[in-house]
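Listed next: structures, encoded as structure tokens.
First chain A sits with chain B, and in the next complex the same chain sits with chain C.
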Partner chain A sequence: MKFDTIIIGGGLAGLICGIRLQKAGKKCAIVSAGQSAMHFSSGSFELLGRLPDGTETERPLEVLKQLPKEHPYSVIGEETVAEYAAMVPMFLEECGIKVSGSADKNSWRISPTGERKPAWLTLEEFVSLPDKDSKIGNKALIVNILGYLDFNTKFLADSFEKQGTECRIVSLKLDEMERLRKNPSEMRSTNIARVMDREEVWSKAIDQINSMIKDEDAIVLPAVFGLKDSAIIEKIRTRLGVKTYFIATMPPSVPGIRAQMRLKAEFEKCGGYFFLGDTVKGADYNEDGSIRSIETANFGNIRMYADDFVLASGSFFSKGLTATPFGIIEPVFGIDVKAEDSRDNWFDRYFWNKQNYISFGAVAKNGLHASKDGKTVWNLFLAGSIIGGYNALYEGCGGGTAIITALYAADEILKK
Partner chain B sequence: MNMQERNISDNNFEQCIKCTVCTVYCPVVPVNPLYPGPKQAGPDGERLRLKKGLYFDDTLKYCLNCKRCEVACPSGVRIGDIIQSARIRFNTESPKLRDMVLANTDFMGSIATKVAPVVNMTLGMKPVKAIMDCTMKVDSHRTFPKYSQGTFERWYKKNVKNFQDSFPRHVSFFHGCFVNYNYPQLGKDLISVMNALGYGVHLLEKEKCCGVALISNGMIDKAKRNAGVNTESIRKSVYERQMPVIGTSSTCTFTLRDEYPHLLGVANHDVRDYIELATRFIYRLIDEGKVKLVFKKGYKARIAYHTPCHMEKLGWGIFSTELLRKIPGVELTTLDSNCCGIAGTYGFKKENYKVSQAIGKPLFDQIGKLKPDFVACDCETCKWQIEMSTGYQVKNPISILAEALDLISTSEANK
Partner chain C sequence: MGHLKKDNEFDVIIVGGGITGAGTARDCALRGLKVLLIERHDLATGATGRNHGLLHSGARYAVTDRESAEECIKENMILRKIARHCVEETEGLFITLPEDDLEYQAKFVESCLAAGIRADVIDPKEALLMEPSANPDLIGAVKVPDGAVDPFRLTSANVIDAKLHGATVLVYHEVESLIKDGDTIKGVKVFDHTTKQTKEYYAPITVNAGGIWGQHIAQLAGARINMFPAKGALLIFGHRVNNVVINRCRKPANADILVPGDTICLIGTTSSRVPFEEVDNMYVTADEVDLLLQEGEKLAPKLASTRILRAYAGVRPLVATDDDPSGRNISRGIVLLDHETRDGIKGFISITGGKLMTYRLMAEWATDLVCRKLNVDKACETMEIPLPGSEKENIDEISKKTWSKPGTPHKAVVGRHGNRAGQISMSSEYDASLVCECESASVGEVRYAIEELDVHNLVDLRRRTRVGMGTCQGELCACRAAGMLAEAHKCTETAKQDLQSFINERWKGMYPVCWGDTLRESEYSQWIYSGVCGLTGEGSTEKI
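Entry: the complex of A and B
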């Protein structure tokens, strides 16, 4: 089966790249081994929160030149990164994903445990705060759903109280939710959201909250609303009347899944082919080292051909990278990977410290080309967290690198 | 006291990182709170069951075995296999009479086809439905698929067997119970299409029910026997007669390829790649430039394609839809990926009827909105469910192809 471009990996980077190419008239296929890390989304995309030396960045675009040369932003070039960063909100909006925030100055999102983290673009139900220590209100009513364990009300209250917000924690008891509690292990955000999305249920929830409000000027709710359609978010805000903060829950992430489903639907609407649950087993190469075709588990003896390939297979979680007794490898094509040789340097025994393994990944040449045995593979491009040379978690730049490298890789293919 | 009876699982549950993505895509969880969900029923429960079988949970029977959890899993855990293997290993409840009647599709079929008009009329009568509902717990809302008068195999031997050797190339056809006992027309359509493409179609030396319903109803010994017979016949076809095997049912094909080794322990690695769905086989021949299709002029149809769960797992929906798209005059919509809810014999059981219809609702609603001329689908039980629940006719892509092809010109083009 022949395509113009085959993208390996169906997460944020793969889908953004696919949509860009498909909209420009290319026939694309995405091969994805299972669902992606968007299911654990924090609700925000970060551009750059910290430099590798730990310095917090307020205005990310102004410090791009201080990044090391192997950082994907440096490979792309700081001016190009800024151009893409300015374009992304509109790109997402066209895919049906509304975001707030700007690349000029970081805003602050509230994490599931109440910490403040630097953010670039934030999905619509979330409020990102202008400053790290912004107060959400004088008095907050933190509302959970009885029996739901992935929303840590006490942690949140502790963190809001540090800024001088007085907090009161209450729980909603809804008959429709009680039946979910028969299986406590499945009292999860998405299952709650499926029930909550019915108007008679969320309406009842709002009535209960309204009856519990005293003099609070802020309401804090878990982000378990609008799995398929975010329209109810605005309705809930209006009905509550008081400033409402939706806070990301522990996984799975309802807003992240909704965004993923939107992007996939957009890709397919533009004519793209999405193959879920399939794995690339091998490839064959042209004489110049470029890729001719790939073989997948499901396609078997029907090979998939393309002019260009994009590797957006992610990092360790999605098996884009694998650790073996002999080192870190990229298992699909065996392309060059940059990693510390000594296992002792892979990780820090103290879990919360900066972990080196997160910065391991494929070597990105100019134009985000991959290389194999030191030689550039001219029709293989890299996008997202498969790329090495940056620590997405420590530097706070995972979402930004995924989106911007994906757009850049797509444009490099279109330029050819 | 031995607290840990086993420490090695037959399946890869150790790969589970507890991310809960499987639960998001399970069609049962949102409609049946009694089901603990794929993560708990699968890898989490497996850890306990390895300690002692008494941790086996009877609610695993609510699993549809649709494998959507496996398609969604980012870590490649065979969650559905873990659940079904646990049921096979630990379930002590013996199948009820109702389950035996539903599961023994070939035994029931071979009797019913002999007296088809009587059986069809009887099964369609309201009082009979009511009695079956009360005594056997077969839901009275269900319409039993009609039995055909005489089997496909008999028709084949009488009418077309004698000239199949005259074609230059050959395949074996795993027809399955549906074609044999309920709807021989699909088998006839396959023969018309394959003959036009220059392929003689042959039956396997011995064909038994693939066993999917036996597995889900706990009749494992019989399922294993069937798997052994089928795999041996397929082996003979592939290696002695040089004929690959094709099928028209996505579930039979999936079972022959993957459930045999994963659930029944019947090794088939030497023949697995030679078992294929007919649409994939034909698509591949076109892709390799080996055959040509010539279509009738003026064929027009608005078709909505439903991807059955096992087709989703095979990843082969694309071959059916691409094949249908080759027909000029076809306007094709691929329906959103949703389970129809029937899951073989599951939806026939009284205790599952409501859940089954609730699972299928998003799919039925989408079909209702689209108002296609008809629905296309590679699975016979999805067909019954969609026809009963929406009123739209459901056709196998092979039958659509048989309708749309100019068979005589296609034969000429492939001589």
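Entry: the complex of A and C
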């Protein structure tokens, strides 16, 4: 099999990169092991929430120059990052994903436990608040589905009440959910969403909510609507008539999965090949150290050839990186990784402090090239959280680095 | 006894909610005494919950410590009878590896038999059929009646029975001082961590069952006990590699016991002296982890590629004999101190040393002494009367009787609570929904634990129900259970802080073994709680 570009990893970075290349006329394949970080999405993409020293950032683009030189934003260059950041909303819109928010100033999302976190672009059903302590209303009706434990109404009510919103918690009881409940492990977001997607079910839910509203001026719902199609979100808003806030649930994330499925569909619509449930087993190399072909588990000795390769295989959780008691390795190509040697320096004993290991990852050379044994691999590009040198969690820049490095890597390939 | 007393007056006050204190409280209550049990944290937080969970046959001590071996086998047989729902009858193997001396085996078997422990030499091939995960290079094997015991369940069952017999149990109550009248201890002054109030309780006898912390309680009374904190580190693996306890047939050494327990298995232990100041904060070092793995792989080679869930360490309350303050001559047996004859302090006794296996006997000795002092003439019955949960039927019968179609969570509940499972509401679909998938803990079980089993926070809940003990280490169940606690305790702020403390407590056991899948799990937790939820640890009880 021969492609122009093979992308390893079907998460946010891999898909964005693939769509960009495919739309520019390249023939691409994505090899994906399965789930991605989008399946536990917060509902927002972050560009930059704080600097490595902990300083909170209100206007991310203005502080990019303060980032260390190994940070992927620095490798790309601040002006280029700003250009990409400006075009991303349109890019996503063209993929069928509506977002709100701007790169000029962070907005705020409401977390599943009621915390406020800086956000860049927010998926359509969620509200991005202009200020950290924006009030959602004077009186809120918090609605849950009976027996659904991954939507913590108490925590949410507590945080809204701190901002002066009076809260009332109610539960929806729907016969259609009873069947789910028969199996004790079924009351999870995606299963609920599958049932809710049927018009007679969500309609009934809206009727019940409407009958429970008294004088509330805000309704709070778990984001378990529209797994396949976001169209019902608007319909629900219209039918309720009162300002409706969908709040992200504990994983799995229905909006995140929908967005991932949307991107995958877009990639395939453009003619890309998405090999789901496959993993790369090995590679062979040209004399100059560049990659000639890869071998995957499903295709066995039918090798996959390409001019260029993009490694968007994620961090530890997605198996883009492997940690052994003796060190951190990149398991697909064995490329250079930046990590501390001693395990003592990987962790902080306090969970809530900054954890070093999250910043470990592949060394990104200029142009987001990977390197092996210190030598640049000219046809291997890095995108997303496989890249080392920055703490996406602490800095609040996971979504932004994934999208922007993916677009940049694609354009570097197109430039060749 | 126990009549015409004021609310804060008791026959006996027991300090320490480990298995020794819980057992003593039960024994005293069964003998008709009005009992108060005080614990500064939760039940089973010290050495009780930080060991192998091995139902020793005594074989391990047969060669070196005949007395302990005899105590173990006797108690082993008693626990199988009175604590069935806490015990798993797995059997045990003592294997000899090529690097070990096979001659030791003969001496071992002879010593076992002398101590009354059944010990059958079996063919290595038969041993491998019995336990396929054992090292296939073994050159000798002996079968002994080892088993597994759940220390949390055992403690909880003792406390339930004490309460059923009128005992008062106060957790999160810390002894500030002992109330003295001349040379007599009259009671205790305690600080209630929940209400932040100081209270006084009176009794003619106070029993110090504080384990390693008993040294401090004795000090408050003006007595000196020379304790030598011995740290033992263990590793928990993500699933049951073995179904039979595997021991090394050699003189007791590091990491030579692999015990299956519930959904996991455990290798341990190391043994090292630690300074007294460190007993409240045990960290497992990288060297200890490496040693445990290196030795553990020799018992069951599969351990090398098995995911490690967490590492933890307990502190054995070893006591120096009175005539040897240097600590060279340390007793591993039961130590019962009557401070009246020893130090001239009346109304105060200490029960310490010993081990999980001999808790019932320790309780019996302590209660006998209490009764002698109170002139109560009633014989001990704890070797006969089953603990709550272990009465009558076996687990399958209880399960069938309680539910028409028992599912996994029903079976799990019966496994954890024995015949008390009938009190757990699981009839509606909501009550049967799972809070914790790894351990099949349902809404009904969590609610029962919160209402009936002195659960104040998520860590307590884990000890009663195994919520958060499985492979995901509390990833999503912690947040679900926190929601339920918020509702039950009507305090969201506390529940949220508690959630953050709980996650940190899980992390404490994970980072020493954080590579491979354990690191993947941790990274996921970080993204969920610090990222998606945006929690920062603010207000959590532990901060470094």
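Here is the rule we use: the second predicted complex is superposed on the first by the 416 of 416 C-alpha atoms of A that agree within 3 Å, B and C clash if a C-alpha of one lies under 4 Å from a C-alpha of the other, contacts with A are read in each partner's own complex, and residues count from 1 in each chain.
The rule is short, and it goes like this: a residue touches a chain if its C-beta (ideal position, glycine included) is under 8 Å from a C-beta of that chain, and two chains touch if they have at least 3 such contacts.
What you see is a predicted model, and the numbers here were worked out from it, not measured in a lab.
Contact with chain C, but none with chain B, is seen for A:Gly147 once the two complexes are overlaid on the shared chain. In the superposition on chain A, A:Ile257 contacts chain B only, with no contact to chain C.
Once the two complexes are overlaid on the shared chain, A:Phe40 sits against chain B and chain C alike.
Of the two partners chain B and chain C, more chain A residues are in touch with C.
In the superposition on chain A, contact of A:Ile302 is made with chain B only, not with chain C.
Look at A:Ser315: by the touch rule set out above, it reaches chain C but stays clear of chain B. Look at A:Asn356: by the touch rule set out above, it reaches neither chain B nor chain C. Of the two partner chains, neither chain B nor chain C is touched by A:Ser102. After overlaying the two complexes on the shared chain, residue contacts for A:Ser185 are found with chain B and with chain C alike. Judged by the document's definition of touching, chain A residues 37, 40, 182, 185, 251, 317, 319 lie at the interface with chain B and also at the interface with chain C.
Those residues of chain C that touch chain A in the complex are listed here as 283, 286, 290, 407-409, 429-430, 432-435, 437, 442-443, 476, 479-480, 482-484, 486-487, 492-493, 495-496, 500, 503-504, 506-508, 511, 514-516, 519-520, 523-537, 540, 542-544. Residue ranges of chain A in contact with chain C, taken from their complex: 37, 40-42, 111-113, 115-117, 146-147, 149-150, 152-155, 157-158, 178, 181-182, 184-185, 187, 248, 250-251, 315-317, 319, 322-325, 343-344, 346-353, 355, 357-358, 393, 398.
By the touch criterion stated above, chain A contacts chain B in their complex at residues 1, 33-37, 39-40, 179-180, 182-183, 185-186, 188, 190-191, 194-195, 251-252, 257, 273, 275-279, 296-302, 317-319. In the complex of the two chains, the chain B residues touching chain A come out as 17, 19-21, 23-25, 29-30, 33-37, 39-40, 44, 70-76, 273, 280, 283-284, 287, 312-316, 318-319, 322.
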